[in-house]
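First subunit A sits with subunit B, and in the next complex the same chain sits with subunit C.
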Partner chain A sequence: MAGDEPAPDVGTARTAGTGFERIDWTAVDDADSTVPPAAVAAEALVFFSLVAAFVYDYVILANEAPTVGVVGWDVTGVEWLLVVVLAIGVFHAALPLARNRRLTAYYWRQFQKNRAAVVSLGFLGFVFLVGLVGPLIWTAPNEAIDYAAAYQPPVFAGGSWAYALGTDAQGRPLWHLIVYGMRVSLEVGLISMVFAISIGTVVGTAAAYFGGYVDEVLMRYVDLQQTFPVFILLLLLIYLYGASLLLIIALYGLFSWEGTARLVRSEALQRGEEAYVRAAEAAGAGRWWTIRRHLIPNVSSTVITAATLSIPVFILGEASLSFLGFGDPDVFSWGRTISAGRSDLPNAPWISTIPGLFLFLTVLAFNFVGDALRDAIDPR
Partner chain B sequence: MQSTHGDSMSRRHTTTDQAEPLLRITDLRTQFDTDDGVVRAVDGVSFEVNAGETVCLVGESGSGKTVTAESITRLVECPPGEITGRIEFRGENLTTASAARLREIRGAEIAHVFQNPQDALNPVISVGKQVAETVRIHEDVSERAARKRAIDLLDRAEVPDPATTADAYPHELSGGMKQRVLVAAALAGDPDLLVADEPTTALDVTIQAQILDLLADLQREMGMAVLFITHDLGVVARVADRVVVLYAGKVMESAPVDSLFADPGHPYTRALLACLPGRGRESGSIPGDLPSPTDPPTGCRFAPRCPFAVEACTTDSHPSLYPVAQEPDTDRDGAGTTAGDSPDVSTPLSAAPLDGAASRDLETTGDGVNTAHVAACIFHGPDRDAAHLDREVSWTVAEPDGGGR
Partner chain C sequence: MGMEWYVVRRVAWAVVATYLAVSLTFGLLMVTPNAGADVAAAQAAASGQDYDAVRERYLERRGLDRPVEEQYIDYITNILTFDWGYSFSQGEPVLAAIGDAWVYSAQYFVPAIIISALLGYGIGLYSALNRYTPTDYLGSFVAYFGISIPNFWFAIVLILLFGVVLRLLPTFYDSSVALLSVQNVKQLLMPVVVLSTASVAGQMRYSRAQAIEYARSAFVKTARAKGASEWRVLTRHILRVALVPLSTILIADVLAVLFAGSFIIETIFQIPGLGRLALEAIQQKDTPLVLATTLIPVFIAIIGNLLQDLAYVALDPRIDYGDR
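On to the complex of A and B.
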């Protein structure tokens, strides 16, 4: 009221000379808060301990020693990234959904309308879980080499239950190869997606909101990147530095965000004209506040759809590199297994076709889920 | 008038000599550079808002009401917009204030309620959070303290079951409820001036009345001033203390609400009043269109559409605001009894003598008389005898398709 600046002590400043009741805001109980700071603290703690564990693993621990001794899991660089990505997923997707049950139930009802997407989601959940914990249960394919058991057909083609999906030329059970391939697909898809979507969203929103030269420079770079053959760059770098999964993931993540950026920019340009953005400005909101609180939440449906649809692209990209023999020789990508089975197609077709089927179903499922998500979460 | 200067608007006579007004706008000009030329959306507007009072900005679409309101805290995008003039809020000139200072003022001291509640709420954020937003922008409070305050504000805005509604999303609320939420959000910063830009236009009539009552109650309770923008004279009659009539970016008339309705000083105001759908009479419409914003007519901007216009109205620079004096020989609501002795209206007024003494005399006309009611019309200038307003002109006759309800 009468010209006094808002004082830091909210409780007393508010009441002076106004019609407001005397409420001490600092003393209001914290019973029904919407975002418990506990979650923020937990997230900070998790990421701090992840960094600490990473430093411990790479600086203190001997190179050969497994990081998690109990299960003998030697966490690689890519796996560290996967853990970080999963933690981000827990704190920024799973937790908010669990907290806001009403909205989650609403989304789920919308999503359920698409039956194919529900089945696809179930399949992706299976791939996700098996890819995550499977390598801890089943031995690595290279430790399961058994030439005596080579070319065992899968159980539906007259094989035994000991090798339910059959074995390859070296007697490795195909199931083990599939499980380890799931892990690779998981890593490639999720990590590259998080990279690409983060960069794309930031660039797209910034270009839309700031406009002018910022927009011009960012979008011309996007044009440049779009015309740039990333695949050739990948081949060159693999030739120079040797194939590694980390390199492939990083290159996909860092050089394939241009589509997302364009999508987000056009979406944000529309949203930026909305009355609620002007209303926020009229309430005194600064640029970053407006971007963070109004633009990004409103482009999030576009972003989530783009994210879901970009995962299969990365998985397919890595599979094709491995199929061509440019993949990481230390990981059992589906593409590599498909490639290895080519020469045995006439006598043992399952070696190529079963991983191929998994690859196909995974990519298809992501597309179904992406389409259903777009319909379910669009706020308009 | 031939004797006025282009910028004489800035020397308009102020209202009664009370304390410094809360908001004083002097010669505000907001223009936009477009491909078709410079659009002068607001062209020399001056008015004041005193603490606690309700001022209505009235005018038809495109008259510059909204641009005027959005120029106050520079919500107009600049460029392409350009704002000049003085906007003094508690003595502080906002046209030269820094962007950071303006952000402090927006929401906390000058709040806005926008026209369409459907669009002004973010569809993906719960309404409670949107109300709490203003609090959180201006004060360093925790999210749950802000939420408590939001619920309190929703309650104050007479939203039923505010604690539950705070978690609702805009699509779950009715239009009237959304406007209540927006009112609550505007009050969150405890502003001294509320700029309500057609807050009831998008609502149906019964809800309109509720929102108007709510605004009036809250205004009384919180002692804030309201700058109310509307084209609806029915709303004006209901809420206003004073009225500023805008046409084509210029102030046509400024008056206390009673004298505006009782004794409109400008033909345009009369035209607006004639357009008001009334009981038992036909409502009219004003023939013609708004003048081109890039190339406005010289003289009075309303002159091309004004049935009272005399040649001086169109050939001269725009007349300044003159007090609408309650002179005994003038009875404009009467049957024009005093008009008979006026000279022929077709007499070229530009032939009248013009000297410095006359123009000085004009500027001081208002001293000592009731100048709260001013109009920018030739009829209130020195040649008012030459261009009498007492001619009988029927608005409903002037407009052939004036079929009212």
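On to the complex of A and C.
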């Protein structure tokens, strides 16, 4: 252990041994563990109340009644999932980062070396915030239809400040369409990512650790899934079942984890050979204990990078589907707005180009941040 | 285990994968209500006939009221004997419709693959050997740009710029133009550029990373020490080993990019190729054609993966077959 690192609090575990120091390792483990019992309890409480609220919304509240009456927000199925994903993010990303100040500061210094990535992170923070609270501030595009205000150009092309980014063929302000599109992209990117990364990590570590037939069966399945082009499968399933945002998100989550599984497997295979895993096994640690305590934390840098770089793929995929007309007809995806503006390209080019610019910048920012994260947390 | 055994196993796996993919489509069709029957029945109901009776007759005529196992055997046999049914939306057998369409897809698909492979690997290898030079940074910028730009938006911006504002290129594809003519090249220019941009970026990033790994290895240093020229080091030493992982991404990722891209490009530029055929089939609920346009990319992917694994055998003598 390096000199400047704070030593784990083992004082209570130390007993006055004769000759050798005697250490109660379970106590050390508990003290060393980054998750205090209070956080676990809080997480359990949050998830319990989420489940309760979900049941209340679906069983007791009528279908049309808004869930949060004050702001008139009727939480949909996808939005419930987003809330769950955000809660997971708070407890498994934000809290650990806030607790390990020193490590966070170190990563931040590494990350800051990449100027483009810092700017990208700022832009993504903006998209995240606007996508999250924007729909509560600005009215839904369909409530803002105003045929008198159709085809208003954006302010830099001679338009008025009332419609800063212009309006579309039905007079809907483009900014409203973009804000609602941010929400859709946020949902698709984050929820699919959590699905895909969780499945990929579990499958990858299981294959690496158990080996033999488990490995063979899991990896053959991964081969098969990799062969089947996801986009084609999505089109087939949308053809058979009809388009909904939930279906698109679920399908992306369930059918695009094979890359992560492969990465995690090869990483875990290397880690599995290392001394600390051997030591844990020699000390009598069970399989799940070894996987949970030693393998998964040590492949996390791979997983975090893969997670960040998978988000733009999902966002682009959903936008492409919507562009082709296979998106959810009830949500205002950027792809849908871009597609709708195509027929007005010669006379109102802003309808297609401005939402596309936001889509492009969002995807670009995720790619910058993902690569900078890889450089920051993955020393190789 | 010897090489022959490995090849046999790979071919066997391709057969199994094909069988599973075909079975999967059958399973999906079985658990969902028949869209074609619903359309036919709805049309009949609109003209005053009994909805359920028409629906049943529709199913009966296509043998869809028989036991599942009988239908399954029939289905597999038909697929394997290339009896893929009749497409009502195109008014011809499914395979004939595909035979008409693939020429249009190949016209921009093949140039895009060749351009993206040459440019992607070329720029990737060049930046790996000239790291932190302006050219390398330019290459990285192009790679980020290509990966991040939504190809449908890129196509729209190109049409706006070159078609609407500058009026240099036609804004959509005209299938009456002769195959070998300047006009045809001009109208294929934008589709090829859009499609290759996305796959160039992926290949460039990957080949750069691979070549950097090998550029520091002992055998490359040895070759340099023996006085081999940079060109010889690149082609005989780095490329020889890097080709193995590079062929992986060429098949797996590029095929995926191109399949998804072909739907979008054919929609935007109105090219009557396979992507458009698939979309029309979905919109018109033409199930035999939907199946065919789903299975063909899957078969191509399976064969591609098989060829790639067989190429491994030829390219890299170090592979341990016992491990696979």
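Criterion: the second predicted complex is superposed on the first by the 343 of 380 C-alpha atoms of A that agree within 3 Å, B and C clash if a C-alpha of one lies under 4 Å from a C-alpha of the other, contacts with A are read in each partner's own complex, and residues count from 1 in each chain.
In this section, contacts are C-beta pairs under 8 Å (C-beta built on N, C-alpha and C of every residue); 3 or more make two chains touch, one makes a residue touch a chain.
Because the structure is a prediction, the values reported are computed rather than measured.
Trainee: Can A:342 be said to touch subunit B (first), subunit C (second), both, or neither?
Mentor: A:342 sits against subunit C, while subunit B stays out of touch.
Trainee: Figure out whether A:88 sits in contact with subunit B (first) or subunit C (second), or with both, or with neither.
Mentor: Neither subunit B nor subunit C is touched by A:88.
Trainee: Between subunit B (first) and subunit C (second), which does A:283 come into contact with in this model arrangement: first, second, both, or neither?
Mentor: The first partner, subunit B, only.
Trainee: Taking the stated contact definition, name every residue in subunit A that is touched by subunit B in one complex and by subunit C in the other, in rising order.
Mentor: Of subunit A, no residue contacts subunit B in one complex and subunit C in the other.
Trainee: Considering the complex alone, what residue numbers of subunit A touch subunit C?
Mentor: Subunit A residues touching subunit C: 220, 223-224, 226-233, 235-241, 312, 316-317, 319-320, 323-326, 335, 338-339, 342, 345-346, 349, 352-353, 356-357, 359-360, 363-364, 367-368.
Trainee: Which residues, counting only subunit A, touch subunit B once they are in their complex?
Mentor: Touch residues, subunit A against subunit B: 1, 3, 6, 8, 10, 14, 18-21, 23, 25-26, 28, 30, 32-35, 102-103, 274-276, 278-286, 289, 293-294, 297-298, 300, 379-380.
Trainee: Provide the residue numbers of subunit C that touch subunit A in the complex, in ascending order.
Mentor: Per the touch definition, subunit C meets subunit A at residues 13, 17, 20-21, 24-25, 28-29, 32, 35, 144-145, 147-153, 156-157, 159-160, 164, 252, 255-256, 259-260, 263-264, 267-268, 278-279, 282-283, 285, 290, 294, 297-298, 301-302, 305.
Trainee: Along subunit B, where are the residues that touch subunit A in the complex?
Mentor: On the subunit B side, the touching residues are 73, 75, 90, 103-108, 111-112, 114, 116, 119-125, 129-130, 133-134, 137-141, 143-145, 147-149, 152, 167, 169, 171, 182, 185-186, 188-190, 192, 221-223.
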